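Just below sit the structures, each encoded as structure tokens.
Shared chain: subunit A. Partners: subunit B in the first complex, subunit C in the second.
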Partner chain A sequence: MIARAETRADVPASGVLASLLKRAALAAGVAFLLTVGIVGFELVSSTGELEYHTRFGSIVVTVAAVFFGYLAMGLLQAGLIWPAIIGAVVVGAVLLFVLVGSIRDPSLERFLPYESSIVDWSLLMFPVGIVLRGLWLFGKARSQAKTGRIAGSRRYSGWLAWALIGAALVLPFMPFADRRLVDIATLTLTYIMLGWGLNIVVGLAGLLDLGYVAFYAVGAYSYALLSTNYGLGFWVCLPLAGALAATFGILLGFPVLRLRGDYLAIVTLGFGEMIRIVLINWYWFTGGPNGINNVARPSFFGLDFDRNPDEGVAAFHTFFGIEYSPMQRVVFLYFLILACALVTNHFTLRIRKMPLGRAWEALREDETACRALGINPTNTKLTAFAFGAMFAGFAGSFFAARQGFISPESFVFLESAVILAIVVLGGLGSQIGIVLAAVVLIGIPEFFRELKDYRMLAFGLGMVLIMVWRPGGLLAHRDPTMLLHGRKRGRS
Partner chain B sequence: MAYFSQQLINGLALGSIYGLIAIGYTMVYGIIGMINFAHGDIYMLGAFHSLILFLILGSLGVTWVPLAILLVLVFAMVLTAMYGWAVERVAYRPLRGSTRIAPLISAIGMSILLQNYVLLLQGARGKPLHGVVTGSIPLFEQGGFVVQIGYMQILIILVTIVLMAGFTWLITRTTLGRAQRACEQDRRMAALLGVNIDRTISMTFVIGASLAAVAGLMVTLYYGIIDFYIGFVAGIKAFTAAVLGGIGSLPGAMLGGMLIGLIEAFWSAYFTVEYKDVAAFSVLVLVLIFRPTGLLGKPDVEKV
Partner chain C sequence: MPDAPLLTVEHLSMRFGGLVAVDDVSFAAADRAITAIIGPNGAGKTTVFNCLTGFYKPSIGCMRLDGARGSFLLERLDGFRVAQKAGVARTFQNIRLFAGMSVLENLVVAQHNRLMKASGYTVLGLFGLGTYRAEEQAAVERARYWLDRTGLTNAADDQAASLPYGAQRRLEIARAMCTEPVLLCLDEPAAGLNARESAELNELLLKIRDDEKIGILLIEHDMSVVMEISDYIVVLDYGRKIAEGVPSEIRRDANVIKAYLGEAEDEGPAARAGEARP
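So, the complex of A and B:
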């Protein structure tokens, strides 16, 4: 702030404004070049012959938005808060007028740039954001309050974890918990478990794995094939799926774990794609692109969740003498994945304190030093790979059991990217951070399914923005677990 | 022999396209050490820009094919290069000097963003473009099988050779190329000696994106259909090509691209089409195990 105040004193406001206008015009020019082709012309091939429709309105709106947005942000940065706020209010008011008007008078809609009214309305976020930021800066400049980081935030993570577990336990019994909410929570927990599993590989051992979904697929297909071909139950298959996935992890890991960093990333990515291609083409074994149908659902200590179970199988609702409700299975699956996830978490937290976990973390920090200390890097990495794969295998067989149907479509690279994003955005190595990132990336977008096209757009944008805003992840946690002479207290 | 020669021609044409994309990966990796995951999508944007420009030129009445292709080439390179520049400015520059993994995640996010951006704007359907450059020259005949080289294949290989020559000149002879090589060796030292690091890195992205745009144009003409998803697979293969040739090495990228193209063509011809991607990746794994620096890469000295 001080440096900025000095520049403000040195350079007259008109000079600031001139250079700002120039830069804003430049940004607008870039925006024009970016949008003129791909936004301005829509390719349509409805009649078989390709033609184009023009959408110049969208270009004008985007270029204007970039120009004024850049100008407002620049003004805020230069300390000229009030002009920015007034400008944002004016732009916002015009926008609001058109938006409100378009409800009553549809002819105004042609001034709106996008086809979806929700997206048009969300344009209001920009002026509102600028006003809020301006007011915040204004308030800060007045009070000169120092906002320090909350010291010792780690201390709260203990009870925060217990509070989260408590909340997760009572969630399905809350009055507002309908089927949709529990389903979303189950999905989020699946990703939390996958994130915790991948965290062993990426966060602890520091191995960049872009093909994690391969092990998820191995787990899912193991369970689906074992149950449809041999009639094995979920609880028998769960450890088998984990073991198979871990075996795959070792098999794939063995040749490639000597590679470092980015090479490993690209090879794991290649393996992930290879497994998917094999699943698609190995028709007689995996069912090819059609996948596997009618995978058996898991039972609760031998009790089924069907209304009319098969001969000789007891049903959950008759055994406990309660009304049948489809929610029972949904809630059961929710608790199942919650238990699996908590086991993963517990495992990670414990193994970090064991020699193996320490070796992983040491390897992440300095491989050469580890070698000098007699740690075998290949074997150590291989165990991390195998454990990570095992948890993916568990999660995969849960996924197959929950869906009742699997196909290679579910195991595309995007899934690997999403899981890796959860781990990294949460802050590498941070267990709670992963929960937070999974809720932000999976849980919240799931509520906006109606906007499905914009959902993935926002997902990608969110990944970029979170990384730019906090490169270390939402809750960065990379401290060594153990330090000499309790230096830890002094630092955090 | 005839069949073999035909596959050789097909493989070289395909490999040229991979090589053009691979250069973008290898340059960026060489200079800032990150995998620019969004590069495949930049190539996809290049293909879309080419298609749009062809239609515009068509409606403006430019029907002489060589002129149309030249105009499309220039404009598509400019428009796509802006994307390369903007992606670097928005998603990577703020993360310079951060952890290794942060720009990678940002790049994956950018890739998802660009794919869905084009999906939203242009729809999910494949966009066809019917024969702009058609016809072929029969080379020789053997046992009833005519080996022929298409005009399109000639065009692809010629354009690639010309661009590679120009590009080699740019890297070895110009100030910009010297600055790029300096940044690659030691960024801080280069900055101390007056090289504008930000500008050099931006230019690297611009060059990579414009080469990807050329590849996009070639693919649009060669296959005649594109969609928003083509960037992903082509991107992975081009990266594979870059690693195969030795990442950071420009001739290596071209060589790797050619090899991947040839492997794909021969594998599809003699074995199975379905597993051609598996073949490309298997070669990558084998190369990395036995020669981790790639074919033309310099050995990576490990420092403590």
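So, the complex of A and C:
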């Protein structure tokens, strides 16, 4: 990626090609060195002895993929779009031929490098991606030549949002929506909500928080403890959990928000771990590592989703006179988290246009300048921390209600990292970007659970691809919160 | 000096470890006047500003502001309160804008405290209650006023970082003015401007002085700016005040000429005055 700036200059194509070939070969060499030891040999224990199998086929394919992929990306960057597209089409066609052929004729399978057919098929992503990227660049160059400026992406981000909301509303009623799909969608929405919540802290206020999961935990334990100890219902506990999480946000934030940048990140990381360790060790209160069982499920305006609810409680299916089905609860939970997530989104969109939201963004841009304008940095940061924590608290109590069981296991540092990855890869501050990133990082890997170990690989691959193609995040565009001249007047 | 002093600085000293950046400096700045602080590089001018605006706590000294918002001892206010309560606004030697935000947003953020109050500290505003709408409209109008005065109206919806250098300098001044200060502190506003922009800046500063009726403290190296628009000049060298007076006096002052031209000194201020400025 180093050459991004230079290659576009008017260097003769042959010179570009020679240096590109050299760099592609270098990249392939690095790929070879990296994979030969780890992928090339597989240790197998057979009847007590340790043997190794070789997997050189996989390496050859990987190295070739790196070489040609690098070449194609380099060509695209150098503006040689058509050679890259033609090359990708040829490679893709050969690959497709083998893949399709191997379905009918198993003897072709030895040309396929990997052990899982899904992984083999996913190889197709690369040529397809390069072709799409090439066409996109080509289209952009044309529209730029025509109008003299890049067409704004903001125009369709508006209706993209409505289309996504519409799709989310009808999803559970689609014929293909089985229980598994709705469950995955619910999980993805939980992460979208967490992403939107963390986005207030990281994306808007620019405070790197590595311990966000702590507030998620506070929300989950608040609901679980209040409902198991005092029998409070979900709807009463939801605001309480949010308020408790926000209080924790302020308590934790107060001492640490004087720190800047890396120091803040490390201290928040520490706090995240502290909360988890307290949860493990405060045995009589939190149940320790065993967690809390039998957390009450949320009701629909007092209607339960059990087949045979307790005495005096009406059941959803009898009230509406329909057949009982376990799907009803699943779909209800889906809509519940969808509503919570949309509230989070609406809050963020609104507060961005309020003085507080603008001050958050200003603080992210330049804290010193904020001071010089009389903005209280500590209070402003604290409110961002508190609001972010509050939404994590809501999501946490939803999580406890959905699972019916929680334990400290669910609130490890990895969760914070995943949520942060969603926010960063989505394009800091971009609401729709977070949706896309959550789908890519949570939904898709969850859907391909049968890939087992390859799942983490897919997670990593998704991250790398986003970083390569969209270094500023999927949607790094920022809309101003107010306009003097209105939308009609084009930007000069 | 027409009025009683707006700002009185007495025996101000600022030490960084062994280094005395500002050494027992006293001066006064009048209301509705432009007071320039000049001196060779490293003389301690920016440090004086940092003390005045709450970024540094001075080691010794007293800074008194008697403005429209009341009397304040600036060294007793911490950090942001100097701008919030006392009404001292400043710009920075190396421009500090909210680069990713639009020009208009930069100016509206500057009116944060007033808008926060109007939005009921966000609570009322979130639900569309209170006087927030009207107050926001007023904030936009105030921003528009300063955009017009600084010639940035057409760029209002552009990203601040995308402005040319001279426009960024003007935007920073407009942003400081949107806080409605009683004292405006400008740290080298003409640095990096060409002759025409520099002349426009002179005009803008004179207008601010006359129309807004506030005091201006000006750090500047560009002598054409300083001599033309200042009402009073304070000269620092090595952290000490070496002269003060009206421009015609300063022009003839032997100490000032020595500090700038470095008479009979090899490694003295001349070497530093000749250095390229950041």
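Assume the second predicted complex is superposed on the first by the 320 of 492 C-alpha atoms of A that agree within 3 Å, B and C clash if a C-alpha of one lies under 4 Å from a C-alpha of the other, contacts with A are read in each partner's own complex, and residues count from 1 in each chain.
Just so we're on the same page, contacts are C-beta pairs under 8 Å (C-beta built on N, C-alpha and C of every residue); 3 or more make two chains touch, one makes a residue touch a chain.
Quantities reported herein were computed from a predicted structural model and do not represent experimental measurements.
When both complexes are overlaid on chain A, the residue A:T368 reaches subunit B and subunit C alike. By the document's definition of touching, of the two partners only subunit B reaches A:G460; subunit C does not.
By the touch criterion defined above, A:V170 reaches neither subunit B nor subunit C.
Applying the stated contact rule after C-alpha superposition, one finds that A:M354 touches subunit C and leaves subunit B untouched.
Once the two structures are overlaid, the count of subunit A residues touched is higher for B than for its counterpart among subunit B and subunit C.
366, 368-369 are the residues of subunit A that lie in the contact sets of both subunit B and subunit C, per the superposition on chain A. For subunit A in complex with subunit C, the residues that touch the partner chain are 347, 350-351, 354-356, 358-359, 361-362, 364-366, 368-377, 383, 478, 480-485, 491-492. Remark: subunit A residues 30, 33-34, 36-39, 41-45, 50-52, 202, 208, 255-256, 258-259, 261-263, 265-267, 269-271, 273-274, 277-278, 280-281, 366, 368-369, 413-414, 417, 420-421, 424-425, 428, 453-454, 456-457, 459-464, 467-468, 471-472 touch subunit B in the complex. Residues 53-55, 79-85, 89-90, 92, 96-102, 104-105, 108-113, 115-116, 119, 121-122, 125-126, 132, 140, 143-144, 147, 153-154, 156-158, 175-176, 179 of subunit C are the ones that touch subunit A when the two sit in their complex.
On the subunit B side of its complex with subunit A, the touching residues are 29, 35, 45, 48-49, 51-53, 55-56, 59, 78-79, 82-83, 85-86, 90-91, 94-95, 98-106, 108-123, 125, 127-129, 232, 236, 239-240, 243, 272, 274-275, 277-278, 281-282, 284-285, 288-289, 292, 302, 304.
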